[in-house]
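Shared between the two complexes below is chain A, which has chain B as its partner in the first and chain C in the second.
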Partner chain A sequence: MNKFGFQISRPRSINMDLSDDGRREQLLEEVPSYRLCIGCGGCTATCSAGQFTNFNIRRSHTALACNQTEGLAAQLDSCMLCGKCMLVCPRGVNLRGLIIRMRQMLGRV
Partner chain B sequence: MFSFFVIPFCLGVVLLLGISVWKYIRWIRGFDKRQQVIIRRNIWSWRFLPAIWEAFREGLLHWRITKHHLLLGYMHRSLAFGWFLLIVVGAVQAILACPGGHPFYVAIFFNFFEPRSERIVHFAQAPFYANLMDALLIYVLSGLCLAAFKRVWSRPLGMRQTTHHNLIDRIAKLSLWCIFPLRLLAEGATAAIYGNGGFLVTGVGALMAAMGLDNEIFEYHLWVLYSLALGTFFTLMPFTRYMHIFTEIFLIYFRQLGLRETVRKDGYTLFELSACSRCGICIDGCPIHDPLGIHDTQGVYMLQNIRNKDVWKQAERIADNCLVCGRCSTECPVQIDLEGIRRQVRAKGKEAIDKSQSYGYLKSVHPFNAMGRIGYFGGCMSHLTPSITESMERIFRAAGQDYWYMDKERTICCGRPLLQQGFVRQAEELRRRNSELIAQSGVTMLVTSCPICYQSFTKEYHLAIPVMHHSEYIAQLLKEGRLQVTPSEQRIAYHDPCELGRGCGIYEAPRTVLQAVGELQHTRQEREQSLCCGINLGDTVISGTQQAQVRDRAYENLVEGQPDTIATACPMCKKALARGGDTPVRDIAELVAEKMK
Partner chain C sequence: MNKIAIIGAGPAGIEAAATLAAQQIEVDLYEQGERPLCNIRDKAFLFPNFAEAREVADRLTAKLDNPRIHLHANSDVDHLTESGDGRWIVNGETYDRVLITTGYRTFDAHRKEELGYGIYRGVHTSLEMEQMLREGKIVNANGDVPQRIAFLQCVGSRDEKTGNLYCSKLCCVTAVKQAIEVRKLIPDAEIFIFYMDLRMWGQHYEELYRQAQQEYGIRFVRGRISEAGGTYDGRVQIKSEDTLMGLPLKITTDLLVLMVGMEPSEGTRKLAEQCRICGDYGFAASADPHLDDNRTTHRGLYVAGACKRPMTLTDAVNDGRSAAVCLMGE
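Moving on to the complex of A and B:
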């Protein structure tokens, strides 16, 4: 497709039937500190795996909560668990725990 | 020489031997293939000699517990060694007294049969043996009193907390505690009637008579109760923590043969699980026990949960909540590989998501030709503390060392954080890629700033080149005179990172370096007893707020002597401690770079 620097905007709609609050609730229960996330994106900015791939922690957990799980498992697999995200998180969210629980959640499906 | 009361005791002994032998054979058959190869290779060697010595020292004398706390050591020793001597001396006494041979239970119930049987003769040293047996009984009883006292108030025995035992353990303990007082009373009653026994039981018998007890009636009942207590204890032993008594001996021998924990649970793990005496020494040191009030994840409880197979799921949850700071395994008197077992449980829980090909993207990191240079591996965390890596680069330049900063642009994790969480295959993939890059670069040595990477490179990688942590490297530069520093009067408190100290045993190198640039202070809990900074990557359950609570303990300990600077040798510890208060926290590389001539 040619890139013209602009595109025709289609009407944006959200399919509410897809969103799955159950998963978000379960994540909150298993990783209570997830509640503290303000979505600043510090984790994503510092991510070691993010230097190589388009792995995006902030997008991942939002995507899981909205049930947009296509390709998510593979993205989460690229995490090296190095822990830099936790060190920069201003809210003390247990991000490594969150990633592991998300992987387990997707692995069960 | 027979009386019906010996039946419970004999039955107990038969059950104990039968069940133990059956269990041990099953466990040995369950050994991993590689473990079996090691056994076959080493079994015809002299390694059983050091094993016998260690089994005597640890199983009976409880040397390591004594080093931990004198009185606690006495308690364990008097029960183990005292009872052992009671059995041995009792057996010798029975052999001397019965020239015609005797059933095995006579040695245990000697005082009962002595006045009643004609086959037991009076030999020359009989009074000596009777008194010796009484002295040993006092020895055991003193330990028993301490054990009971410890349940009420454990502080004087060097323990802030004692283990919470489950029901069957408590029943077994009760029967054990009954054995020796019952023996004392039974022998006392016999002594009051027949006038045999040593100084102690004669006195007790006289006292019982003086209290108006009719020893003729009570005597037989007391012997029955004594035999019942023994029988109950022996029958319960294979199913309770007291299985550790025999298992520890086997474990010591296997360890001498060269066996270690493997990636997955096998027969060796079963020996380790049963060798835990649940003494609870691992509880007090645990950094998340007091500050966070987490009371069920410590080594002793994890092993207990794994043994009760039905709560496997809980074992998984318990195994994940641990900083893996290594404090418990350093203090464990049985030296059980708590970290190895914890990793096995974690790996079991992660089996489904531990993919073998997750890091194809690392192919985009191309090898670099750094032939003949030193490789510097900063590690992930050092990218968040650029002051450390910049200082290291300055130090390399000052020492005239040609170096290659391996992960300056994009960093590949060493794989240890994954391995700690039980992602065995994924960790291996990272190790393989890093090994390839290191081998292809042609570096002659690897220096790393992160203790996690250091532990990983030295223990899990099999590199052909030497690996040094930067504290060791700087200490060597100073020693060789390739680097000169100006000493100063600043007071420095050093924080031992878990992975570097307990993990790799490096305590001296950073201290040598710090003594060259300032005045090193002692802290209350240092070296093996150093407190975790809280950020350690071992735990995936606690939150940042909880990590900060763990850190506060470590920080308080460091600032007690009001140092000018807190020094550490780990980028993560540095970040954690720096948030703890106002005292500046510096890495030793920074302190040295500052004071370079």
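Moving on to the complex of A and C:
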């Protein structure tokens, strides 16, 4: 099939028309404070793990919420659950709870 | 005519007093400080047109020049109570009507310890920046001209950790204004504004933002600063995220300016509590925010200006005048 040396590229956009698998709703239900996130990046700014690995806590939870989960589970492994991010979050998001739930959803725990 | 007291000689209080006096009504105007309008006299220039703050304050103060206005400076109002017959007692004097215009104070930046205010010498509040702008001289911790300056929005506003969930409404445009003024004084400095949302809601605010980008080369970074530390040479090391890039960011600057939000002043908290007109966060509440924003739930008691919520100078002046009209009609 691939003898012409090209293949169909997968679209890279977030397709909001494709029904997600309900993970976002499930996450919001189980960690209700996540509804309050305004994407300010305070959590990522303070996260030590994010300084040295490709794990970015704000980006990770945003990614799961729009169903972009490729490679996400491995990134989440870098979190040490230290809770520093929760100390700076201006919206009081339960980030540690969020991370644990995300790990469970991605089959990591 | 009835006896009227106004508590607080800020923009709302002065405008209310002047409006009443113009209608031949006698007013007692109480002011806890030595001079009226201290919050305006603290500023260098006013957004969005860079009017000189002192000149505007002088013009407003001139309105007090009326024999019917009796200004009581250095008069803190400790007690405001109902007399029982529908009148009000202010520091022992009985009045038929009282207007509260006790205004705001700025957020105490020490409370955000992670931002280093009061710990590192390069960290300042927007008030201190305003003072430097007034003097026309901006210096870093070592007394030199700073080459890199960062402003941080929403300090003490929109923040669960400080208990202030509300937006202070004026700091966004103030940061843009201050950044432009800094650029005028230090043409080759690098100037950054760290923001979560830029709220340019007023007339000419958005244009000021455009100007900041186009003419003054101010750089806008979308991310909240989580912490600031000092370096051995008096500079400030800042941690944030560039949320548009999705990467943590660090930057060392000569100055970090914290855009402190507006909170109810001590006087506002105290009087709102004594009169049982407490609104959100210690601000004073009017009877109805849509159609009855100067009366309160008590007869003869009125509110105007930033004692109700964060408010611009223009809005406070207009609100004071509106309260005066409301008060005269009763």
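In this section, the second predicted complex is superposed on the first by the 89 of 109 C-alpha atoms of A that agree within 3 Å, B and C clash if a C-alpha of one lies under 4 Å from a C-alpha of the other, contacts with A are read in each partner's own complex, and residues count from 1 in each chain.
Here is the rule we use: a residue touches a chain if its C-beta (ideal position, glycine included) is under 8 Å from a C-beta of that chain, and two chains touch if they have at least 3 such contacts.
Remember, predicted model here, so these are calculated numbers, not experimental data.
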Side-by-side fit of chain B and chain C on chain A, or clash: fit
Which superposed partner A:Arg59 touches (first chain B, second chain C, both, neither): second
First, second, both or neither for A:Arg103, with chain B first and chain C second: first
Partner chain(s) touched by A:Val88 [first = chain B, second = chain C, both, neither]: both
Which of chain B and chain C A:Asp77 touches, first, second, both or neither: first
Which superposed partner A:Thr46 touches (first chain B, second chain C, both, neither): both
Which superposed partner A:Pro32 touches (first chain B, second chain C, both, neither): first
Chain B and chain C, minimum CA distance [Å, superposed model]: 5
Set of chain A residues, in rising order, touched by both chain B and chain C: 46, 51, 87-89, 91-92
Complex contacts: residues of chain C adjacent to chain A: 114, 154, 158-161, 196-197, 222-227, 239-243, 246-249
Contacting residues of chain B [partner chain A, same complex]: 350, 352-353, 355, 358-359, 361-362, 364-365, 380-381, 383-384, 410-413, 415, 417-418, 421, 423, 426, 430, 535, 537, 540-545, 547-548, 572, 575
Residues of chain A defined as touching chain C within the complex: 38-47, 50-51, 56, 58-59, 87-92
Complex interface listing, chain A residues touching chain B: 31-33, 36, 46, 48-49, 51-53, 77-78, 80-84, 86-89, 91-94, 96-97, 100, 103-104, 107-108
